[in-house]
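Notes to accompany the following structure.
Chain naming follows the written order as A, B and C, and within any one chain the residues start at number 1.
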Amino acid sequence: MTAANPAVPLLEARALSFHRQDEPVFAPLDFELCAGELALIEGDNGSGKTTLLRMLAGLLHLSAGELYWRGEPLQRDDCAGEILFLGHQLGLKADLSPRENLRIAAGLHGCRDGASVASALNAIGLRGYEDEPVRRLSAGQKKRAALARLLLLPASLWLLDEPYANLDRIGIALVNDLLETHTAAGGAALVTSHGTVSFHGGEPRHIRMHA
Amino acid sequence: MSHPSLATACSAMLRRDLTLAWRRRGDIAMPVLYALIVTMLFPFALGPEDTLLQRIAGGVVLVTVLLAMLLALDAMFASDIEDGSLEQLVLAPQPLALMLGMKILAHWITTALPLIVIAPLMAAMLHLPGAVIPVLLLALLLATPLLSLLGAVLVALTAGTRRSGMLLALMLLPLCVPAVIFAAGAVAAAQQGLPWLAPVSWLGAALVLAVVLAPLACAAALRIALDA
Amino acid sequence: MSNWIPLWLHKLGSPPTFYRFAGALQPWAMTLALLLGAVALYGGLVLAPADYQQGDAYRIIFIHVPSAWMSMFIYAVMGVAGFIALVWRIKLAEVVAMESAPIGAAFTFITLVTGSLWGKPMWGTWWTWDARLTSELVLLFLFLGVIGLYHAFEDRRQGARAAAFLAIIGIINVPIVHFSVNWWNTLHQGSTVNVFGQSKMSWDMLWPLLTMTLATKFYYAASLFRRVRTDLLALEGGKDWVRRIAEDEVDR
C-alpha cells in the first residue's frame, strides 16, 4: 500500500524533542512520512507517544528540532485543517447526540467531498444511535462516534492516539479499513498503539520511541 | 479542499453552546436565584428604610450581578477542556479568537441576559425609582458583556490549573473596578438628576475596546493553558 | 526579521552566565542598599527640617514615596520581563518576572501601610478612596493575582507564562483604573515631587528622598538576584553547571 516515495514527504521531523520541566520527554526523533504511508508509533507507557502526537498537531510548542510540511518549514496556517487529531479525550459533548457532535465538527472543519453526517454515522456502525445523547452510549460507541470524524472531515494527515482502545473486534477491523482507504487515497496517518495491530495494507513504518 | 465559511463556523459554534446550555437549563436559573437571594438579604441587613435602600439600590444590583456572573464564569471552558472539545476547536481551521468570541457571546446570552431581565425586579425590591431603571438596564447591557469578555480571558488563563474560583475572583477584581465605577456612576447620576451620558459613553468605549482585544487575548491565553 | 534580539537575549539570559553575574553583583548591591538607606534615613529623619504645615508627620514620605515608586517600577520590570518571556520564551525572563512579583507586592504593601499611617494625622482617616490609593490597592491585587496564578500551575514554566500574560493585561488596566477612580472621586493632594521640572520641595528634603529611592533600587536588585539564583538552581537541577556548583559546595 505504501505509495512510491514521492520526492517530498508530507511531514518530516528533524531532531524533534519535547522538554517538560527541562527534562526531555523522549530522545530526539527523526522521521518522515509520505503521502499514502502509515506509521505506527511504538513505545512503552510514558515514552511520550501522546506528547509527540499533541506536538505534531500543534497543541504543544516544540522544545527543539524542526518540522517540515510538504518540504516547507511547518507553519500552522498552511496546514490548518489538513491535520486531524484524535486524542484520549474524544472531543464529544456528552449532552449532544453523535449527529449534533458531527454537525459541529463539519461546521468548523468542513466536509469531505461526498461525505455526509448520516453516511458517516452509518459507516461507523452507529445506525440507530444517531440521536441518543453521547452520555448514554457505551465506551466503544463513543469511540466510534469520535472516529466518525475521520470519515467526515477532510484531512490529509491523521494523528490517532490509541484508536483501537475500547473497540471490539469489528471496531478494530473498521479502524484498519479506515486507515487502508485513507492511505490508498493518498492520505497519511500516525497511529499509537501498544496492542498488536493487524494491518492488511502492507507493512507499516515503525517509529520507536525511547524515554 | 475548502474550509467552511466563517459565518457557518460561527453559527455552528453559537448553536452548539446555546444547545448545550438549553439541555442543562436548570444551570441557567442558578445565577438568577443567587442574585435574587443576595438582593433580598440587603433589606434584612440594613433595615427596611426606603431612603437608605434607594440610595444603595443601583450599586447593590450591579455588584450582585457581577458576583452572580463570577459564579458562572468558572464553567466557561471547564467542560470543553475535560472532554477534549477545546483541543478540537483550537485545531480547527478557523480563527480561534472569533470562535472564542462566539463562545463568550453564548455565555453572555445564557448567564448575563437572564440577570438583566430580572434586574428591574431586584431594583424594585430595593425601591429604586422607576425613572432610573432604564439607565440601570443600559448600564448593565454595556457592563455585563465587558465582564464576560474580561472574565473569559482570565478563565482561559486559569484553564490549565487545578480549578480555583477564589483565584479567579482575585484576578477579576482589579479588572472590573472601572466597569463597576462607570456603571454605578451612571445610575447614581441619573438618580440625582444629573447627566449620565458621560459614564455610559466611557462604558461603551471600554466595551468596544474589549470586544476587539479580549477574544484575541483569550485565544493567546488558551494556547498557553493547553501548552503543557 | 530582527533575529539579533532573541539571539542577544539568549546569550545574556543563559542561566549559568547570569548565575555567576548575579552572584558577583549581589553583595555589592546589598551593601549599597544598606549604606544608602542608612544615609537617607539619617538625612530624612534628623537633618531635614520639619514641614511648616505637616510638622514631623511628613517624614514618613521618605519611606512611602520611594516604596510607591518601586511598586510601579517593579511592576514595569515584571511586565517587560513577562513580555520577553512570552515572545522569545527565555527562561531567565520568566524567572525575573515571577521573582519580581513578591518583592513588588511587599513594596506595594509598605506603600499602603505607610500611606494610611500618614493619612491618619493628615486627613483624619486611615483610608480614603482616592485615585492614587485605590490604584495602589489594585496594583497589590494584581501582584497577588500574578503570584497566585503562577503557583496554581503544576508546570512552573507554563505557570510563569500564564502569569506573565496576566501581568501584561494589568499594565493596560492600571491607567484605566487610575483614570476611572480619578473621575469618580479625588481627595488626594497633588503631586509635589517632579524630578524633571521645578521641584516644589526644598533640597534638604529632596536629597534624602532621592537617596532612599536609590537605596530601594539597589535593595530590589540584590533581592532579585538572590531569588533568581535560587530559582535557577531549582529549575536547572539536572544540568551540568548546577551539578558542578553542588560538587564544589560538597568539597568545601
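Here is the rule we go by: contacts are C-beta pairs under 8 Å (C-beta built on N, C-alpha and C of every residue); 3 or more make two chains touch, one makes a residue touch a chain.
Model, not experiment: these values are computed from the prediction.
Distance from the centre of chain C peaks at A, each centre being the average of the chain's Cα atoms. Each chain gets a centre from its C-alpha atoms; the one nearest the centre of all protein C-alpha atoms is B.
With A-C and A-B as the two chain pairs, more C-beta contacts join A-B.
Distance between chain centres (mean CA atoms), chain B to chain C: 33 Å.
Taking the mean of the C-alpha atoms as each chain's centre, chain A and chain C sit 48 Å apart. Separating the centre of chain A from that of chain B, both taken as means of CA atoms, is a distance of 37 Å. Chain B has residues 227-228 in contact with two or more other chains. Shown for chain A are the residues in touch with two or more other chains, namely 20, 61. Taken residue by residue, chain C touches two or more other chains at 155, whereas all remaining positions touch fewer.
Contact residues of chain B toward chain A in the complex are 1-4, 8-9, 11-13, 15-16, 19-20, 23-24, 79, 82-85, 87-94, 99, 226-228. Residues 89, 155-157, 235-236, 238-239 of chain C are the ones touching chain A in the complex. Across the complex, chain A meets chain C through its residues 20-23, 61. Across the complex, chain C is touched by residues 153-154, 157-158, 160-162, 164, 167, 170-171, 173-175, 177-178, 181-182, 185, 199, 202, 206, 217, 220-221, 224-225, 227-228 of chain B.
The part of chain C that touches chain B in the complex is made up of residues 86, 134, 138-139, 141-142, 144-145, 148-149, 152-155, 158-159, 161-162, 165-166, 169-170, 173, 176-177, 179-181, 183-184.
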